[in-house]
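Below you will find the structure I want to go over with you.
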Amino acid sequence: DPVTLRYLPNHGGLAAFELAAELGYYDAAGITLENLGYATGGPETLIALAGGSADIGSAATPAVLNAIAGGNDFVAVFPTNGINDSAQSIFYVRDDSPIRTIADLPGHTIAVNTLGAHLDYVVREALHQKGLPEDAANLVVVPGPQLDQVLRAGQVDVSAFGYWQTTFEGAARQKGGLRAVFDDTDVLGEIAGGFAVLRRDWIDAHPAEARAFVDGATKALDYARSHPAETKAIFARVLQERGENPEVAQYFAGYGVREGGLATTRDVQFWIDILTREGKIAPGKIAAADILYQSAEAPAPATN
Amino acid sequence: MAPIAPPSSPAGTDLPPTLAASRGEVSVQELYKSFTLNRAALAVLRGLSLTVAGGESLAIVGPSGCGKTTLLRVLAGLETPDRGRVLIDGHPVAGVGRERAIIYQEPRLLPWASVLDNVAFGLEVRGTPRAEARDRARHYLRLVGLQAFETALPRQLSGGMAQRVGIARALTVQPEILLLDEPLAALDAMTKLTVQEELARIWAEERMTMILVTHDLEEAIYLADRVLVLSRETETPPRLLEVPLPRPRDRNAPGFVALRRDLMRSFGLQ
Amino acid sequence: MAFQGLEISVPPIETPARPLPPLSGANLRRGVEAGARVLSRYGLLLGFLALWQIAASAGWLNPSVFPPLDRIAATLWQGIVSGALLDDIAISLQRAGIAFAASVAVGVPLGLAMGQMPVVERALDPILQLFRQTSALALYPVFILLLGLGETSKIFVIFWASLFPILLATIGGVQQVDGKLLEMARSFGAGRLTLFARVILPAAVPAIFVGLRLSGTTALLLLIAAEMIGANKGLGFQVMNAQFNFRTDLMFAAIFLLAFLGLALNAALVAAQARFCRWSEPR
Amino acid sequence: MAPIAPPSSPAGTDLPPTLAASRGEVSVQELYKSFTLNRAALAVLRGLSLTVAGGESLAIVGPSGCGKTTLLRVLAGLETPDRGRVLIDGHPVAGVGRERAIIYQEPRLLPWASVLDNVAFGLEVRGTPRAEARDRARHYLRLVGLQAFETALPRQLSGGMAQRVGIARALTVQPEILLLDEPLAALDAMTKLTVQEELARIWAEERMTMILVTHDLEEAIYLADRVLVLSRETETPPRLLEVPLPRPRDRNAPGFVALRRDLMRSFGLQ
Amino acid sequence: MAFQGLEISVPPIETPARPLPPLSGANLRRGVEAGARVLSRYGLLLGFLALWQIAASAGWLNPSVFPPLDRIAATLWQGIVSGALLDDIAISLQRAGIAFAASVAVGVPLGLAMGQMPVVERALDPILQLFRQTSALALYPVFILLLGLGETSKIFVIFWASLFPILLATIGGVQQVDGKLLEMARSFGAGRLTLFARVILPAAVPAIFVGLRLSGTTALLLLIAAEMIGANKGLGFQVMNAQFNFRTDLMFAAIFLLAFLGLALNAALVAAQARFCRWSEPR
């Protein structure tokens, strides 16, 4: 049946399902997308999803887990983004900075977009791996548009551009004068960063459409990996149509999701472990298998 | 303590015989009122009892700060006595009532309303249609000589003019009981005479009960059936003085002059 | 006794208070005076703008954060003639307008009631104080959950924030009404409603206008927060969107537009206040 | 138009001969002042010229709304005349000045300050040390009979008491020129007499110029060297009347009574 | 003429205004009355909280967005005993406190000056109006550029937003001062400063307090915006960070803490106002 899925886009880029729609992958299944207006952060989309005013949510993994632990019956249907050798979160310093390796970080200030999430744990893990105290560096929150500015003005020593903030990273890199120290794949290897989320009751009511939605999106993830130039062109066109700056499309570095667009148990379990360890969710309350999307005909998520 | 009865016989006055039966009787029973000043109690009303007959005119005189305004405010229902009560036509009063209207010691005009609107205010809040209220307001404005200032704002008036607006406002509602707090103090001698005559005429025509605080002994004698003399010293009891002169009164009549002289002497004047 | 009428001079003709005849060159002088008035009024503002322009074009300030004013003006002009910004203005005005109207419609009567009736004030004050202390920004998720993503939640966020200034100012205004006038009106038999309409409301008007001006500003400022989520039109959206797209010229253009709207609203309210309070003593 | 000179000879008064040379001379030259009312000009002062000698006492009488307060305000520098000017000791006045103090028609007390602070206010704003200001304020408070109310707040005062506080405040600064706008209107007969006597005594002692608006003709005659009679009708010119009675004056002296009767008659009274 | 002294009753002993003797059972009655007073004051608030608890635990509301109050309370309690939230409270209080103090220190004198001196008002009004209309949120990049990421910019954002309510309220209060009192003071020779200290300031106190209360709230509310950038501590940071991580219990715990701080500040200001305005007529 034809269905309309309502969602909130992000500034400066397209989600995989948006790309799928542009590529016409949903035409056959009768899926149309309805743009409700921008979100500045993932959690808003989860709340809109919980309240029923949107049908697709999309957020970083810990936010998704907290939302589910809070009692929402959400299903993480596919990883929206992640890190691999093409898409990474890069930690930049100014060219003249004395910071050369992770070991130089202690005592310095690092700008990240959120605490308690991906970049926060990358830094902790990085310091931990070097045998340093996890809180040896000072993290402060700075929104994406200001990351470059605060680094160059010397207000922070390091700016961490998240893998989802490639537009800001690209623009900063292009201006020059910055040097990358390390990235998150150095620390964590390949891992998903966030998930697209549907309500379980919606999936139960529309099993076929859900399947088609996920398949289309994962197909688009693969398309973006194999056709980066075309993808950038599509981005530029859509951004232009939305009234955004098409220039930023050139900074798109891929979604960072492994081939086939599949989630692994580790993508989720890594965060379940952290959150459980910090007492933010009760032990055993959530299992990766329960929250990842599986349909009758789909294989169980791969493990690695 | 025997309360003061209305004058047993309105001897020598030209009040119509129906007066005793008319409405607007004010009876005050053992009123006590004191204020706290410097943590000490200042006794202002000290067990005052008094009956004013319906349609009677009572003047209240006494030194500054002796409690005249306080008494009038208790009668108006604006101040609760510490003890004792006020009866109007036999019913205890609680708060303000439409049968009473008060002319305050200061004009208390609405600064944003024109003179005419200020005068019509009393009637309008009682539900009189605007046009009618304004007509009656115009009548009383003329009476106090301010017909030319209908559209003026209070800040454009002189002190005496503002006070006259307050008088017109109270008269306009034609209350059964009119309470006046030195209404003519800010008026020049000539205007004062005119307004006094108007008050006497209105009182004779409408037969309302009139309770008038004044510093002008002549005015008290000219307008009142009886004069209540309050004092500030706690030892001196209030006194009540009858004015047995026929109306309309002649200020130059020997009786009038004699009464005035007596009253002044009793105040230690001249 | 002697009337010394002779010693007093009374002029033969009674023509007082005629204005002085116009002097020659008065028009010129008037022009110069008007210029001085404008300068004394807008001098600082113009100086500030000039400083900006110079600092930005001379490179004293980071031009990617502070674009020169001429670039901002060009962007603004283009956005308006192309009609692109007009849509934003329309939708933002609608949102802020409805929210402001609602906060006036709720805040003024509620403030009048709370200022006048201690029972109502006692009952409502704690919960309103609690609400007042709660940021619209923080509660946005809650509004989204309860009211959805559409216009309702956006308008409600603005309403929420702009309600309290007007409510507080109105309560304050009512509680400052001259007690003697209230007493006078009550003694003439004014009921609660008449008291409101004839005494409290007129007397509280100046304070209410302070509240209106604060609320009006709040309503426009909150557009930015309200249009941060679930919007793809509106001046507030443009401010944030331009930031995300490295278009600081567009960002400032939208900020200036918002500020101009605020100035216009403020001027309208000041003019309305002057009209309403014509009775009050000119100082 | 010949301006009014100070009384050429203070005949019959007991003013000291040094008076003419003393400071505080007020000279008014062709004052015009009109207000706009209903878009029409209301001419209040119509070319008034007048000189009050330093140390002289002038009373101003006239019907309500004739412009007494307006004239006083112009003299105080609170109102700018449309035409004409005011000279004090030969210098044109622009605005208020410390050599003048005014007692307003309404008390104008600071509601948040105690009675004593209100009285001391005038001195304190002129820089007198607080303790000294309060001492002098206490002196004048006693003079107006309010020593017991030092710490009271204005809202705790009766109308007459508030007015007396205003009087004390102006007296406390011991101005060269004292402008009084019906200061005693709210006082009872007895208190009024006391304050009048005090005013006469202070005036005789301190020899300030005193310009007194009053509605009480007896008060005018008792206190003033000359009486300025203003009128409301545009046709009637202001008149100036000398009071050739010795001081201290006796209200019952035949000259006093005759003068009062004449003055009243000239107002159309009695 | 006859003094009818006999007809007037004067009581033999002068002991007026003694309070009524206490009735038996008065203590009990007083207790019941106090209970009723509390209920009439906090009934609505308690009802609201009860409704929340029931709705959240019965599942009428999405419990992940509206956690039941007991969960919020537990989170709050834990945050406080573990000391985690205490740091946040301390740093937030410091930021809001400094900014509020600065806005009072600037806003009250400036408001007094602008309310009283037309020249100053004319010169400053346009630029202040423009600034007032400009969202602190939108200007954050500008503040960061000019003031850095540290405490200065955070405090300045709060200061910026909380300055205007107090400024406007003070100007409004000054312009409502009774002109007759001003004239009186001036005629006694009061200079500008004396006029300020002795007449304008006391008369404007009630209006200034309305401004203080609005500004105090604003300062606390702006913590959320101010701590959105460059912070890793503070209640405002916790609100947004909890939101980003979908920890609504923590978010509400921080919101409630902010609200309690606001209520405490408000209560302190109301008490201070009552003390300062003891002279004013009790109604």
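When the chains are written out, they are named A, B, C, D and E in that same order, and each has its own residue count from 1.
By definition in this document, a contact is a pair of C-beta atoms (placed from the backbone, for glycine too) under 8 Å apart; a residue touches a chain by one contact, two chains touch by 3 or more.
Because the structure is a prediction, the values reported are computed rather than measured.
Peer 1: Along the graph of touching chains, what's the shortest path length in steps from subunit A to subunit B?
Peer 2: Counted as steps through touching chains, the separation is 2.
Peer 1: Considering only mean CA positions as chain centres, point out the chain farthest from subunit D.
Peer 2: The most remote chain is A.
Peer 1: Per the contact rule at the top, check every chain pair and give me the one with the most C-beta pairs in contact.
Peer 2: Looking at every pair of chains, the most contacts join C-E.
Peer 1: Using mean CA coordinates as chain centres, what's the gap between subunit D and subunit E in Å?
Peer 2: 48
Peer 1: Where the CA atoms of subunit A average out and where those of subunit D average out, how many Å apart are those spots?
Peer 2: 86
Peer 1: Return the distance between the CA-based centres of subunit A and subunit C, expressed in whole Å.
Peer 2: Centres of subunit A and subunit C (C-alpha means) sit 42 Å apart.
Peer 1: Could you list which residues of subunit E touch at least two other chains?
Peer 2: 62, 65, 141, 145, 240, 243, 248, 281
Peer 1: Among the residues of subunit A, pick out those that touch two or more other chains and give their numbers.
Peer 2: In subunit A, the residues touching two or more other chains are 43, 47, 50-51, 145, 149, 153.
Peer 1: Mind pulling the residue numbers of subunit B that touch at least two other chains?
Peer 2: Each of 106 in subunit B touches at least two other chains.
Peer 1: Which part of subunit C faces subunit B closely enough to touch in the complex?
Peer 2: Within the complex, subunit C contacts subunit B at residues 180-181, 183-191, 194, 198-199, 202-203, 277, 279-281.
Peer 1: Of all residues in subunit B, which touch subunit D in the complex?
Peer 2: Going by the criterion above, the answer is residues 35, 37-38, 61-65, 68-69, 105-106, 149, 151-152, 156-161, 164, 181-182, 185-193, 215-217, 251-252, 264, 267-270.
Peer 1: Taking the complex as given, what residues does subunit C use to touch subunit A?
Peer 2: 62, 64-65, 84, 140-141, 144-146, 148-150, 228-233, 237, 240-241, 243-247
Peer 1: Tell me, which parts of subunit A touch subunit C in their complex?
Peer 2: Counting only subunit A, the residues touching subunit C are 8, 11-12, 35-40, 43-44, 47-48, 50-54, 144-145, 149, 153, 167, 171, 242-245, 248.
Peer 1: Name, in rising order, each residue of subunit B that touches subunit C in their complex.
Peer 2: For this pair, the touching residues of subunit B are 76-78, 96-98, 100-102, 104, 106, 108, 110-113, 121-122, 124-126, 153, 155, 169, 173.
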